[in-house]
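Please go over the structures that come below.
Common to both upcoming complexes is chain A, partnered first by chain B, then by chain C.
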Partner chain A sequence: MIEHSIVSAAPRPATVPHAARPVVSTVQQWWVLTVRMITPTLRNGELATQIIGSVVFTIGYYLPLKQLMGAVQPLSSYAQYLTPLIVLQAIWFAAISAAFRSATDSVQGINRRFRAMPIASLTPLASRMTASMYRCCVALAVSVACGYVIGFRFHNGIVYAAGFVALALLIGAALAFIGDLIGIATQNPEATAPLMLVPQLTLGLASVGLQPVQNFPDWIQGFVRNQPLSQWVYGLQALAGDSTDKAPEVTWSVLAPGLAWAVGCILVAVALHAMVTRRRRR
Partner chain B sequence: MNSSDKAVVVAGIKKSFGEVAALRNVSFEMNRGEVLGLLGPNGAGKTTTVNILSTLITPDSGRALIAGHDVVSDPAGVRRSLMLTGQHVALDDLLTGRENLLMFGRLQGLKKKVAKERAHELLEQFDLVDAGDRAVSTYSGGMKRRIDIACGLVVRPEVVFLDEPTTGLDPRSRQAIWELVTDFKEAGIATLLTTQYLEEADLLSDRIIVIDKGTVIAEGTADQLKERTGGTYCEIVPRQPSALPAMAAALGTMLPATIRATLSESADRISMPAPDGPATLIEALRRISEAGIELLDIALRRPSLDEVFLALTGDNTYGGDEDPTDKFQAVDSYA
Partner chain C sequence: MTPAAEPTGHLAALQAPHAAGGRHRSHKQVWENSPQRLALQTWVLTARILRRWSRDPATLVQSLVMPAGFLVALDIVLGSGIEAVTGRSGLYGQVPLVALVGGMTGAIIGAVNIMREREVGLLSRFWVLPVHRAAGLLARLTADLVRIVVITLVVLCVGVALGFRFEQGVPAAIAWVFMPAIFGVALSAAVLTLALYSSNTIVPQATEIVIALLMFFSIGFVPLDQYPGWLQPIVEHQPVSYTIEAMRGLSLEGPIAEPVIWTVVWSAGIAAVCAMPLMIGYRKASKRG
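Moving on to the complex of A and B:
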């Protein structure tokens, strides 16, 4: 047994500080908690995985499907047709990381600790969402870059290109809210990936992102056309435009369903979030 | 500051989860610089009490003040006065020890430079300088516990809740945490220590309260509580369990009739009160060796928490009468 003990080995009085406690700042807390989520992504491979993921989505969908589906889609190139789906898959992938982190925080008890500290109750959520948006931006940038490599272009000018980015980020926020909710509710990091992946893959395959709706069997066309991922694909295809005039037009009737899905997801997720949090407090 | 000089005032706290009454009526007070041990078996309401006092959940009724702040009407004030370490380490596993300290310092409002200095001080005091720049996920259990507590000390707390702080720790880390509690005491900080180890509560606490089924069933110093359970025990284990009846005969009048009556076929040892401590042990040893019975072990021991606790609940049930049958069962459950 080692004779000296940990605390008495050092000058003891400084263990407990005597200075008055400083005033806390919500903005500082928000920033510190955001940085805490982002710092590890730079060194634990999460950022690298995110980038590789986007590249793999591009290659995995584009190369095998280019010949098969490229012929049956209306736009000038399959790259132009497919890139919106690649963007959506990439930001969905980012939302899975968000779910994993929020579940990890719940299960590690750090959320509990934050709630017993002078931190406003919404600050940790705000920070998690900020970090999610950072992931989402990375996913968007990398997947659009991948799209450029295979031939995707913005044809409708800077304003609609900005609209493309804004819509993608709004969808990313919706998915991140859902991911965060799943993480908080399950408190089980291992369970988050399957819960997020199954809808990602099924909605992805049964969407208009890979091929137009009329290529699906009649009985499933209603679902394929109206499910959120397809509506988001329509919106992004419209905003990106095409060298031909075959892209969906930028009109409310094209954009509104996708926007409604995204905003609806956020509202429902926030409401459920409040419910889960309140039940834990009681 | 509130007119009262108490660090913690808990008055008639009640809390139910659905049909289950977790806290029926808990009241106690703590002075500044006092260490109060909160004892009880699993499910007694220890963690619920700590959760209410740290504003994590709200009580159904009753009142609780932490450093003069009401947990219901002024939770922000409570959170500014508090340090909470739970049964499980609550840190960011992906960050290093130093980054965790920095984060908690900044969350508590320290400027970056001050937070850095404080992080370095704490790493030194908790003997974690070498591990400071490694991710916490690589730490041993004892190191995690130390960094967890260090993160609570980036700024000065008025009241500290240590919820089973030494569960699963090696003796050295346990010792370090015990010394820390002494530091809190010297700094005038009130410490509420929940634990399952009587030894720990005994060593550190000025006072102990025992809760069971959501109510306080006993309050006093460790010695007072042990007296109520009958003080010291002498435990005798023969080499051959079959020698037990002969041993009981040899002990003669030393062995209370009530314990003799409950000796079962399957018992492998005799535990009996040792009112005279070592003298009881020596006398028992003399009688047994005269009878030619070989022993595996003979020892004096203080009652375990199990025994204190069972005796206390026994007191409750039997209206204060000492019931030796109860005590014997307690010994059995220890064996």
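Moving on to the complex of A and C:
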């Protein structure tokens, strides 16, 4: 009996390599994969395109519309009124880049490869989101700088300015998550830009970012007021404040709808993301 | 009976379609690079590109859905303001503007396509077939022409639904439909040239910024007097503004001859600058690998 158990517990044949696996650090893996996403943006012109794009859209909205819209908006200057929309458009462009990268990774099979390696299943997603937030921070910094040049200022002090940044980053995270989802789901890099540009252009134009809701035709005012981009514009305008007291006040009734839209977008995108990923894993 | 007698006839039959200098006879007396073949071959290759586009959801969304949505949004947001300032509907500037922007952004899709065909070796494959050397390039530009005309017609339908009307008769309306294609094809040639000399699709995609500049600073976005004084000469004389002015003349009222001439001058200038680099670049891309 004892002899038998000794036989069954004999060491495995030496021909099968079974060296101890090296210790893997999730944090290090996340960092390596994040750097992999960020480094190319410095070299291939993506960062430069993003900066120039923000500048072009700032002057492209501001110079032509200054006279036309400047008269009908309530704040002290059109720059103060327009900058939240410019920030949101820049963040949206960053999300389009995120979608493009996620679709490229997906179609080139690198995600499948990561699944075959000793990497936690959420690490590639986490690194993509970190890179997206890096793009989002660049977009935010560049667009606020553009706003400062045309005359935008934070009038409510440092705390609300930080709130402005936090809200913008939350929206950026929501959009980046949607972008990542679109990239993963379509696996078609060229399709991502048109798919995300249509809502960007239509929601951007039909929002309170360019002119107050009263200037829209009656039948569309309800949509214009309640769509997410407008609610985010209200929130950002409130947090930025104005030299007059015409800016929306910083109250929960102003901020809550925008926050709800952003959190709602994230929740829905996470759920769909989980669904798509699970289906793909089979 | 000499040993060479039999193979001679056989070899002659084998060598019959070949001639010195690398020219191949496809048929009796019609060389592969004869103008007679060019039209047919260009059409075959154009149809190939158009068929691919018609099956690609990204291209369809970009060419059909986006311009329609953009025009509606532009009209809702700026329409009343422009009408208040100028006294006439903003549609006569916005419909041409959206058609032009749709046509120009589509050039990027063509550029990305040609880069992919270079990577996978399709261009090299065409280069070793008995096809006219100019057919591939001409087919790209012809396909762009067709695409821009289709986009213009789609935008026109949306515009008519919003209240756009032709007031200058049928010949002017027909000329109107082809106006965006003049500058659009010239710009396509420029973007294709850029694509053939770059290894990364970000380069042609960055032309989106140039297109955005042409759009924002044109008389179709807001009337000329809305721009700051120092900017007005630039806005007035850039090609998109000239095209829009010509199209306004052809649909509503206003000068036609002068803006049409300037549109053609701009387009011919861009085409002249790009022509040689484009041909050399296409030849280089076709001989890669």
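Here is the rule we go by: the second predicted complex is superposed on the first by the 261 of 282 C-alpha atoms of A that agree within 3 Å, B and C clash if a C-alpha of one lies under 4 Å from a C-alpha of the other, contacts with A are read in each partner's own complex, and residues count from 1 in each chain.
One rule holds in what follows: a residue touches a chain if its C-beta (ideal position, glycine included) is under 8 Å from a C-beta of that chain, and two chains touch if they have at least 3 such contacts.
Here the structure is a predicted model, which is why all the values come from computation and not from measurement.
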Chain B versus chain C as contact partner of A:N44, first or second or both or neither: both
Which of chain B and chain C A:M69 touches, first, second, both or neither: second
Partner chain in contact with A:R113 - chain B first, chain C second, else both or neither: first
Chain B versus chain C as contact partner of A:R36, first or second or both or neither: first
Touched partner set for A:S25, first chain B, second chain C, both or neither: first
Contacts of A:Q221 with chain B and chain C, given as first, second, both or neither: neither
Touching partner for A:L201 - first (chain B), second (chain C), both, neither: second
On chain A, the residue positions that both chain B and chain C contact, one per complex: 44
Touching residues on chain A, where the partner in the complex is chain C: 44-46, 49, 52-53, 56-57, 59-61, 63-69, 72, 188, 190-191, 193-195, 197-198, 201-202, 205-206, 210-211, 215-217, 220
Of all residues in chain B, those that touch chain A in their complex: 54-58, 76, 79-80, 82, 84, 86, 88-95, 99, 103, 106-111, 118, 121, 124-127, 146, 153-156, 171-173, 175-176, 179-180, 183-184, 187, 189
In the complex with chain A, residue positions of chain C that touch it: 56-58, 61-62, 65-66, 69-70, 72-74, 76-78, 80-82, 85, 109, 112, 200, 202-203, 205-206, 208-209, 212-213, 215-217, 221-222, 226-228, 231
In the complex with chain B, residue positions of chain A that touch it: 1-2, 5-12, 14-25, 28-29, 32-33, 36, 39-40, 44, 104, 108-110, 112-119, 281-282
